[in-house]
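Paired with chain B in one complex and with chain C in the other, chain A is shared by the two complexes that follow.
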Partner chain A sequence: MSDVVTLALRTAPAGALELAAVTPDRLAQLAQREIAALPVRHGGRAAALGDFFVVQGERAARVRLEGDLRLAEGLGAAMTGGELLVEGHAGRDVGVAMAGGTIEVRGDTGDNAGGALPGAARGMVGGEIVIRGNAGDDAGARMRRGLVVVTGNAGQGTGRGMIAGTAVVFGETGSDAGRWTKRGSIVACGPVARPATFRYACTYRPPHVRLLLLYLRERRGLDVADRWITGRYDRYCGDLAELGKGEMLQWAGE
Partner chain B sequence: MIINGVTIEDTFAEAFTMRVARIVITGKTARWAREAALKLTGFATSVIGCKCEAGIERELAAPETPDGRPGVSVLFLTMDKESLPQQLIVRLGQTVLTCPTTACFDGLQAAPDRLAVGKALRVFGDGFQGSKVIGGRRYWRVPVMEGEFLIEETFGMQKGVGGGNFLILAEHADAALAAAEAAVLAMTDRPGVILPFPGGVVRSGSKVGSKRYKNMLATTNEAFSPTLRAIAPSALPQGVNSVLEIVLDGTDAPSIEAAMRLGIRAACLGGVRSISAGNYGGKLGPHHFPLRKIMTASAVA
Partner chain C sequence: MSKARLRIAGGAVYDPANGTEGAVRDVCIEDGRIVAELPREAPKLDARGMVVMPGGVDIHSHIAGSSVNHGRRLLPEEHAADPAPAPRLADPDATPRSGTGGTIPSSFTTGYRYAGLGYTTAMEAAVAPLAARHAHCELDDTPIIDAGLFALLGNDDYLLRQIAAGEAARARDYAAWVLSAAGGYAIKIVNPGGVERWKAGGRNVTGLDDAVGTDAVTPRRILETLADAANALELPHPVHIHCNNLGQAGNAATTLETMRALAGRRAHFTHLQFHSYGGERGKSWKSAAKEVIEHVNAHPEVSADVGQVMFGPATTLTADAPVEYLLHASSGKRWVNVDIELETGCGIVPYSYKEQAAVAALQWAIGLELFLLAQDPWRVVLSTDHPNGGSFLSYPELIRLLMDRGYRDERLKQVNQKLVAGSALADGLAREYTLSEIAIVTRAGPARLLGLSDKGHLGVGADADVTIYANDPDRAKMFATPRHVIKGGVVVVEEGQLRRAPTGRRLRVQPGYDRAVTRDLKRWFDGHACVAFENYPAVELGA
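On to the complex of A and B.
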């Protein structure tokens, strides 16, 4: 048993590399040899994790991935606990349908981070994803519970169809954010293209945003500026074409 | 044992096991956190009449609180498990929820016994309330006219200690009051301890029941009432004309003992004849605080 399992990329994938089997809760049960033998799919063909990664450590719920993983898909998919740290960019479907634990990506992610599997009613149902970079489209789409944080910009459809939970974007939030949201919060510190089905409610200092951003600064080590923690936010309720109990909180100044 | 000319009597304080919660109230300013805490802890001196005992443990600087605002830590005690959530729901709902700018957090996060206080108060939101899970803890957002009231869903409950005490036997009322004030000052801001009575001081120490009125749960303690020395059995030495009591509640016995040590030492002023303590013969309360042993530990320290 070790403190951390490190997976260092040694062979760059030529096509999409599906890594849905790589979750901390699963690796916590496995010896080094078993981890290297975990099935992955590369370009649609079966392969083993060890074909692409050098595995160090075993039986640990803390997993660190190293290398350019822009073609790696489904990192931390459906994970239920533990910590997953990606030292670099990651591909699509990071933390898709995850239920618990934390994922931190020190780079950009592809589409559908914390989102739902194709055809599924729910995206992530728990846990936290912190993307220290830009996120693709549909981050936090259909999430039921949990937290997705993007320190850079987020693409289109952030929090699309959210059932509950929280998405925080410090940079720019693309169009169609929060479309079809039932409940849940989208906190936009930067500009956001808001659907017309969100209606302005008030400008105030939301106490839960303060608590959340302080948590991100102090416990997750994010560089969150005071102006966002103590600032005023415009509250828009929506999506009024749906249940309408969701909200978009757009930073409005100090 | 004599400290600064004051006799420490060879007796002990007898205290009871209670249930305690720690409530952290924050506000835009320390003033508003304090306003809420003062209302919350008002009329909470003794379980005999108030059904709970509460007091301000200490003020918290902004970096010490969950939301980074100035706050106040309150300890809240009842005799049994059932009445603690009942009292908290009623009192927090009327005092903290109503107070501008405040938010309310659990101060006993490690306690496994959880009281669904915020969960009960959320219904003030009449269906418009919402919750957030932050750092694994659930908070309720209750919409109010000012904006939003934020309260943690559950509060921890643990065993605490209620009824630690000592008595200041003085030559005159002014000396007793001065000694009591000094003792309270020395015990203020002690972690894990509150002094639930007005200004931390009790002038009406009581005995259990009544000799005359069958419905009375507690009546005056004539043995310590100087005006009755001539007509009732008295526990007061000659020359003692006024007695004040300090009552301490807390999260644990060592915290109370440490505070008593500071308080008794501070109370040993001119005009004070002796320091005593209230007990029931040692048969009722599981926690005993022998005064001389406490003060001897002080000398060693």
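On to the complex of A and C.
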């Protein structure tokens, strides 16, 4: 038993390294040797976690990953609890279909962070993902519940097909954000390419955004500007091509 | 290990086609064929204490083509749940491929898993001729196994026109041309007339004498025309028939009527379990396995595969689109309707057979009744209609059910009893299949029914497709994990590990036909088809 399990990248992968087995809830049950033996796939071939990582610690629901993990896919996929900290960039499918716990990435992520598996009706159903960097496309796609925060820019399709839940982007939000959203909130502190099927409702100072941003500053230690916390937001309802009960809140000044 | 020579030494050989039932002898292989003897210094594979059989032959399976691929697209969650890493092959220059499993594995995984199960030949049982090119491309990417495909006929406009006009000879020439053009191995009939009528906006047919467009065309006429064509063309496998009314309570009457309609003609009735239901549509269900199998037993020109239902996930996938539409409507499960623009139809519904569901339990019991009441294992062979009744990976479990009465009775107690009570199975069927009978229903029988004279046996000159099992009293375990599998003389599975993945052969026929039919066909293509006549064949046609 230790406080934290640390996985330090020892051998850089040559191709996609699928790490869906690495979730804090699973590692909390395993001894060091068992963690090293967890199955992963490298370029479609079966391998073990220990082939790529030096494992320190065991039986802890706090997991820290070190190294350049841009080729690592599916970190924290479907995790139900615990903490996952990635000290650097991560690849696609971070926290895909996640159900609980927290993920923090201190770098950029690939596509589909907090998104859904191919063909799945719903993606993330709970938990929090904080990306201290840029996110690829489809962050929070098909989310049912939970929180995805991107401190940098987000690619296309952020919150695409959201059923409920919250996505926050401090930087720029790419096109097709919120397309086919049923419910849920997308908070855009920077510019956002909004689909035409979102309709303007009002401009106001939403109290829940203030609470949410204060939480991110105080509890998660993010650098949140005062003007976003106290500022006004344009509220747009959508996607009107769907249920239309979602909202996009775009910062509109102090 | 060299392909050239190998002596499989000291195993108990089960080669029912040559009358060998467990005799301990050597099996010698040279250049991909079984030979009588080898010099003493030839490489040896120690099979002492093991069971040696010919490689498995699957007479009816869905593994390639448009319908199968649409099924894969419909099942992304299965791919996430069952990733299939690339195997570690012995040859460093070979390129193993990763893939996905589930009820419809990806093409490479299909080849690897069939071989891993000791099967070396499989028939793709339903290919729309217009999409045959797709099926061939996928089979090219399905390693190890030799494969053929059955071309769908019986709901296609040109054939029905010939039947309406009473042109039996031209219908036969057309069937021969389509089979050649599709690169097919046999003629498959699915719900004759029913798919066409449903596609035209009407209702599915309910019996053999329903009119399809015109009174001159009925399911009965379609069946007779194609059965006669296949037999006149001397195809190695007769018409492969999926009867009308699949899956309906009371459909055993239709099945028996179909068998009687074709009396005296060779015909293969596929997934018989799905066609052996008593009771009344919309009202009651019961087993009619006994009536159906008694007819099969008494008529040597009739053969069948069982199409056993196994509990667990499945994907129902058939050219019988009206049936899939009904299943979708009654189960509320997602479906796709594809190939509807081709000469046939196709519907797909992911499904799961649950032990606690009364109808699923009955289907399971009916399949076992057919197996246990069949008198001639050479004519009633093993299939699950993969992936319709269950994956081919469930064959070992099915074999255990057939071989182990104690296990079977135990399982019977665990299923829903509502409809099973009163069936022959519940009354107690004592029969246990012997290893020799299993060898018949899984390799020798299907090979003989398919007319594959080089497969399903270990006589001199046969293809060197051999499976070697550890003689485990747990038959499910024994058949799930063969120790060694040899395909065409190449050891593909070694000590239970897939080590080599050679390319399989394509099995096809090229029956002769009167070229005059092509002139009329070209006119029909010019007037009605979406492709040019010249572009239709999926394979090069012989001169």
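Annotations for the structure displayed:
Everything that follows uses one rule, which is that the second predicted complex is superposed on the first by the 254 of 254 C-alpha atoms of A that agree within 3 Å, B and C clash if a C-alpha of one lies under 4 Å from a C-alpha of the other, contacts with A are read in each partner's own complex, and residues count from 1 in each chain.
By our rule, a contact is a pair of C-beta atoms (placed from the backbone, for glycine too) under 8 Å apart; a residue touches a chain by one contact, two chains touch by 3 or more.
Everything numeric in this text was worked out from a predicted model, so none of it was measured.
With the C-alpha superposition on chain A as described, chain C and chain B fit side by side in the combined arrangement. After overlaying the two complexes on the shared chain, residue contacts for A:A31 are found with neither chain B nor chain C. By the touch criterion defined above, A:R183 lies against chain B but remains apart from chain C after alignment on the C-alpha atoms of chain A. After overlaying the two complexes on the shared chain, residue contacts for A:A193 are found with neither chain B nor chain C.
Residue contacts after overlaying the shared chain place A:A225 against neither chain B nor chain C. Once the two complexes are laid over each other on the shared chain, residue contacts for A:L212 go to chain B alone; chain C is not touched.
When both complexes are overlaid on chain A, the residue A:A12 reaches neither chain B nor chain C.
When the two complexes are superposed, the chain touching more residues of chain A, out of chain B and chain C, is B. Within the superposed three-chain model, A:G119 lies in touch with chain C and out of touch with chain B [touch as defined at top].
Here chain B and chain C sit at a least CA-CA distance of 28 Å once the structures share a frame through chain A.
Residues 18, 41, 43-46, 117-120 of chain A are the ones that touch chain C when the two sit in their complex.
Considering their complex, residues 145-147, 166, 183, 185, 202, 204-208, 210-212, 214-215, 219, 229, 245 of chain A touch chain B.
On the side of chain C, the complex with chain A involves touching residues 75-77, 79-80, 83, 85-86, 88, 96-98. Considering their complex, residues 66-68, 103, 130, 132-135, 139, 141, 147-150 of chain B touch chain A.
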